[in-house]
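I've put the structures underneath this note.
The following pair of complexes shares a single chain, chain A, combined with chain B in the former and chain C in the latter.
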Partner chain A sequence: MFYFEKRQQTPGYLKALIPIISLLLGLFIGALAILITGINPLLVYKGLFLNAFGSWYAFSETLVAAVPLILITSGLIVVFRMNVWNIGAYGQYIMGAIFSSYFALFASNGLSKPVMLTVMVIASMVGGAIWALIPTLLKIFWEVNEVITTLLLNYIALYILKFLMYGPWKNPSSYGFPLSKTFPDTAILPIIFKGTRLTIAIIFALLAVLVVWFLIKKSKFGYEVRVIGDNPLAARYAGISVNRNIIIGMAISGALAGLAGMTEVSGIVHYLQVKIGADYGYTSIIVAWIAYLDPLITVLASVLFGGLASGGYSIQITMRVSYGIVGLIESITLFSLVGAQIFLNYRIRWKNGSS
Partner chain B sequence: MAHHSIYIVLFANTVKAGTILLFPTIGEIFAERAGILNLGVEGMMLIGAFVGFVVAYTTKNPYMGFLAGVLAGGFASLIHAFISITLRGNQIVSGLALTIFGGGFTTFYGQKWINMTLTHTLTPVKIPMLSSIPYIGMIFFNQDLIVYLSYIVVFVMWFILYKTRLGLNLRAVGENAKAANAMGISVYKVRYGWTFFGGLLAGAGGAYLTTAYAPFWLDGITAGRGWIAIALVIFAMWDPVKALVGAYLFGGINALQFQLQATGTTIPSAILNMLPYIGTFIVIIISSIIVKTRHIKPPKELGIPYIREEK
Partner chain C sequence: MDEVILETRNITKVFPETIANKDISFKLRKGEIHALLGENGAGKTTLMNILYGIYLPTSGDILIKGKKVIIKNPLDAIRLGIGMIHQHFMLVDTLTVLENIILGLKEYGFVIDKKAVKKRLKEIENLYSLKVEPDVKVWQTAVGEQQKIEIIKVLFRGADILILDEPTAVLTPQETQSLFKILRKMKEDGKSIIFITHKLEEVMQIADTITVLRKGRLIKTLPKSETTKSQLAELMVGKTQTLDFSRKRPKSNEEILKIENLTVHSDKSLKSLKGVSLSVFKGEILGIAGISGNGQKELVQTVVGLKKAVQGKVVFNGIDITNKPPRYIAQAGINYIPADRLAMGVAPNLSTIDNAIMRRYYRFPLSKRGIMNYRKALAYTMMMAKAYKIKLDNPFAPIKLLSGGNMQKLILAREILENPKLLIASYPTRGLDIASTQFFRQKLIDIANKGKTIILVSEDLDEVLSLSDRIAVMYEGRIVGILNAKEADKNRLGLMMAGVKT
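Take a look at the complex of A and B:
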């Protein structure tokens, strides 16, 4: 039998090794899953890699997918560090998209582009924050479990979006498709690299990372977040308002997810539709974990998983390999990451005989 | 008479739709009673639904399908058990990973099954005598065998929980693992066992969905029912009999929604489809307030890994 023995010290290389091994394990199990269907997994992975990183255009599409991941994950990091589980980034993202679309669709008259876009950014952040604060207040006042409420609010947001798209906001000339009218030009984020779909949203994303990095590493708020994460009781004794910090953290988290929704409709799609960013909510949780809740590593992890998502979409079209493979790889990676945390603090020992 | 039959159909469908939620809710209650929070119910249900559908389709036998779906759910739960019990990993994140896994797995292998329909589904089997009771008989005793199985499960699990040594050990582990260990109970075995049981029942809920209620395959067919089941655990305050009430309540919302859509209503379908989630949202708030004010405690060691001291 084996048992775990507490380590005196965590070797530095292990911290770097665990995410890499986890990702490789995800890819390996994914390869087995593909193999069972009778397809050569190496060909699939080659296609996936080339469609994610093989050319400047492919890489630009990877960055297009990475931008919302960076935005959402940098917000999640703040609350995950306090052991508050915002699983509702998808709903907050939808709310951000809806709030900003309202201005693009119904209140764009006479506004110049910079004003319009500023209004949309603010609206999206307010929308996302509101959607995040509902479960936060319920948690603080009545101890309602935020995992369940944030998750349920994803479905509720999705059906609000569907209601709008099939009903009042539907484009009358969309031939029955659930989408809105196209945004006016003033409501569309400018492209920064010609020939790609990369907009100034990439600057929003990097700004968000810097702000969150500063908040976490350099501010009093970040210090309090760390104390709360380590021991909420001790934080209370030290005079830290746990509730206040959770409210601020969730507002930031919701606002950034909302902003990600705005960058999708205003930067990529140019109208509102039912299918927007369904995977970002879950993928961002994996990105946060593989980056050890560190804002700077998040950028790298987002590019990796952005590539997996973007490459996954491409091979679904070109090689007819289901997009489900992305979920499989992601989930195995996450299982491995969570399971391997123990090796940071313990080592395996073997003992003779049975027990 | 025709007027009455509409209600009987509605209530009979309530029981059917409720059964989909009842199995996973009871399974999760027992896993949580043992101290293991498994947020992978949605993923396990999806796997059970898919495997159940495929086996029922290929064997042309819905019972075989149901059984296969149950086992598939059980196996899926073992991943979570290994990570949260043996490796003491974060149960919230591991459970979410299981949900993502179930989604990825069924999307990947389900691609070529989309929109296929079962030719052989679970059919009602009237129980003699009982089925001729007015109203009640048609609602509760003119169902398929799996619905009857769910009645038995509720009763047996209530009995096990409160009246047997097995239930005592289970509660001991969830309330105070250290003390349970000192009493000679193997915390790991109890936790593995009940997590696996939770997986079997989540698989049962999913498999019942595709072999009886909606006998076709669609991507993400469980549509968040796993999360509703997790919320129902709190509504039921970790009690299998109260789980029955909660499951039928939400089965009722589902059945009503279906009936309204079938008869043609002016309410937009997006609003109708939102109802179960709004309902769950309200119920979880009310239940949480009740749990808080009446000082009903969830299992004390819920979500906390157990570390046995080594000599």
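Take a look at the complex of A and C:
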């Protein structure tokens, strides 16, 4: 028989071990699912790994997927640290894509590339921030739970996107496919490594990490975020405006998710469509958790999950293993992570007689 | 009467870095009230948590009715007939009293068999004159009532051994007496009771046997008839200390704080302050006495800006500070030691540094243009620790690892170093051991002697009486009287606190 005993402090090795074991557990359950389909899971994982990290091109594709994850997660970290649960990165990402696409599609006349791209970056951040501020204001003024509102706003954002894609913004020569006209060249992010799809968005992502790292570790705002996250009553007592910081945090979070949407349409897809980088908004939540809300670890975790995503797409084509496997691995990992929280605060002891 | 129902043999509990219990052997007899006396940190609660299955001992045995047992969790404890009434009640506010009582019990069905429960309640009521309203929601009941619910909960589970952890901390003198009546009835019925406390008065009133713990060790077990208060105090502290405050009562007519007709709603939108008016004069220590929950918290929190007044006015030093934000009020010169240090005074998982700078992190040199200077913050923290004798092994470790006394010293230091004109201290010595309490009271006197004004909220009448110049008594959201400390005595204050007109 075993029982739980409360810990005074969490040992460091455990913090390192838990994400790794969680991921292994995700891979293990994923392997069982693959086994049921009659394919050798080891071959699949080998393929997954090679398609994610096996060559420079494969790795560059992994980074392509990591960029939006880094951008979104950096923002999520800020609000998660205040115990504000923004589940709406997906919707904010879509709004960022829509806002920036508007300028690419309808206001590109006579603007040079740097100006155009700057406008699109700003538009996307404003779009994402607005979408994040709706649930924030609802939370502050009417105490509406942000988990529900941010989640539901994802669907509203998606339907707005669908409306535009099937309606007013539809490309007349797309043969019925729900997508917009292709962006003019001035609205496309420049590639930085020839022969890959890596654009200067990777610089945006690294900048975002640095800014968030600085905000959290060095700034007055970061100090206030820490106090709010640990004890909102103490924060109020210390004269910290909890609401003001939540608004700022959600604006940052939304803006970075919006920017991720822009880098996807402007850097990768080059037009707006209904399916744009579907799962980044949700995967980022897992990335944030696995990185313990630390901006620097986020980069590592994003590359890992970027690899899972890009490798997953490849094996779907080459080995006919459904991409759903990746979703399965991700969700089991998240479950294990959340379940493992108990080990951070408690330790297991075995009943052993009277000693 | 002589049958030993529970015994511990050489119980030792080691935590990383501390030994909370060392070789504790004590016996609880059937039908006795056994007081466990000791300062905070003496190891009383650890020992009880071992008996209740929250911790396993590092070594040593527990025997119940002479049989060796292992208590792995509270369920085991309950099965063995041990019931615990915690200092902080473990009740679900939104459920009814009845639902709370049977919480976790399977016998009463998926759809609660209320008739059976009420029948059982009636039996308990008849036996111990313990009466509660079963269909009322817990949040609607008073504190004294909630304790009765906790006791019934334990009796309901058939406990023969009851552990009460500081049960009188939240009660009026009158409620305490009625609790004692219940305890005596239970004793007559053959129940055995462990009564944890650090109040000597109560020990002498209720206990049959007294065990004194100090620094994790059992110092002595002795029958009440063979001891005195002063002997117990000596055993508890190790050495006797005298209360001697040299206080010069100021003669100032300058009103530093003026509260007019202040009305505040509680969280349940009931009126918790009903038109309070109060003047505080420069340089005085004004004590506010009252049982907790009679509006003291609302009064103080409205003054410092944490609660909104719906009516009335607060003027400080000539400035209207009614419903101004907390930082504005702090900068105007009012600092505040909150009643519950873990709930409001600190962010428990953040470092001592982060907590030490809470009042000034936004000012130069700790921050400049939005950027923090943590090196300066560390220096400030170390200076604070040195000046206030705070035992600080690692300023980067979470502050929750500090002892209650050290944490409270840090809060006091943090507030005093802001050089306030008015310091409001709510229950500043609650839960502290005698040495820390002494330190605190001396500090408060010192700063008052330097001309600062202090509002001291406390339910410890000795404290209020020995420190204050004037004492305001609160009852049900009103100030029912203000006495000069010289003309006040415990009895009179106690009656006023209970709402009896004098």
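The criterion applied here is as follows: the second predicted complex is superposed on the first by the 348 of 355 C-alpha atoms of A that agree within 3 Å, B and C clash if a C-alpha of one lies under 4 Å from a C-alpha of the other, contacts with A are read in each partner's own complex, and residues count from 1 in each chain.
Everything that follows uses one rule, which is that contacts are C-beta pairs under 8 Å (C-beta built on N, C-alpha and C of every residue); 3 or more make two chains touch, one makes a residue touch a chain.
Every value quoted in this text rests on a predicted model; they were computed, and no experiment measured them.
In the superposition on chain A, A:85 makes contact with chain B only, not with chain C.
In the superposition on chain A, A:20 makes contact with neither chain B nor chain C. When the two structures are aligned on the shared chain, A:289 is found in touch with chain B, with no touch to chain C. By the document's definition of touching, both partners, chain B and chain C, reach A:5.
One of chain B and chain C touches more residues of chain A, and that partner is B.
When the two complexes are overlaid on their common chain A, residue A:220 makes contact with chain C while staying clear of chain B. When the two structures are aligned on the shared chain, A:323 is found in touch with chain B, with no touch to chain C.
Across the two superposed structures, the residue set of chain A contacted by chain B and also by chain C is 3, 5.
Chain A contributes residues 3-5, 33, 37, 85, 87, 138, 142-145, 147-149, 151-153, 155-156, 159-160, 162-163, 166-167, 282, 285-286, 289, 322-332, 334-335, 338-342 to its touches with chain B in the complex.
Across the interface of their complex, chain A is touched by residues 39, 79, 82-83, 87-90, 92-94, 96-101, 103-111, 224, 227, 230-231, 234, 268-271, 273-274, 277-278, 280-281, 284-285, 288-289, 291-292, 307, 310 of chain B.
Every residue of chain A that touches chain C in the complex is listed here, in rising order: 1, 3, 5, 8-9, 218-223, 226-227, 230-231, 233-239, 241, 349, 351, 353-355. Across the complex, chain A is touched by residues 15-16, 55-56, 59, 61, 68, 70, 72-73, 306, 325-328, 330, 336, 338, 343-350, 354, 358-359, 361-362, 367, 370-372, 397-398, 401 of chain C.
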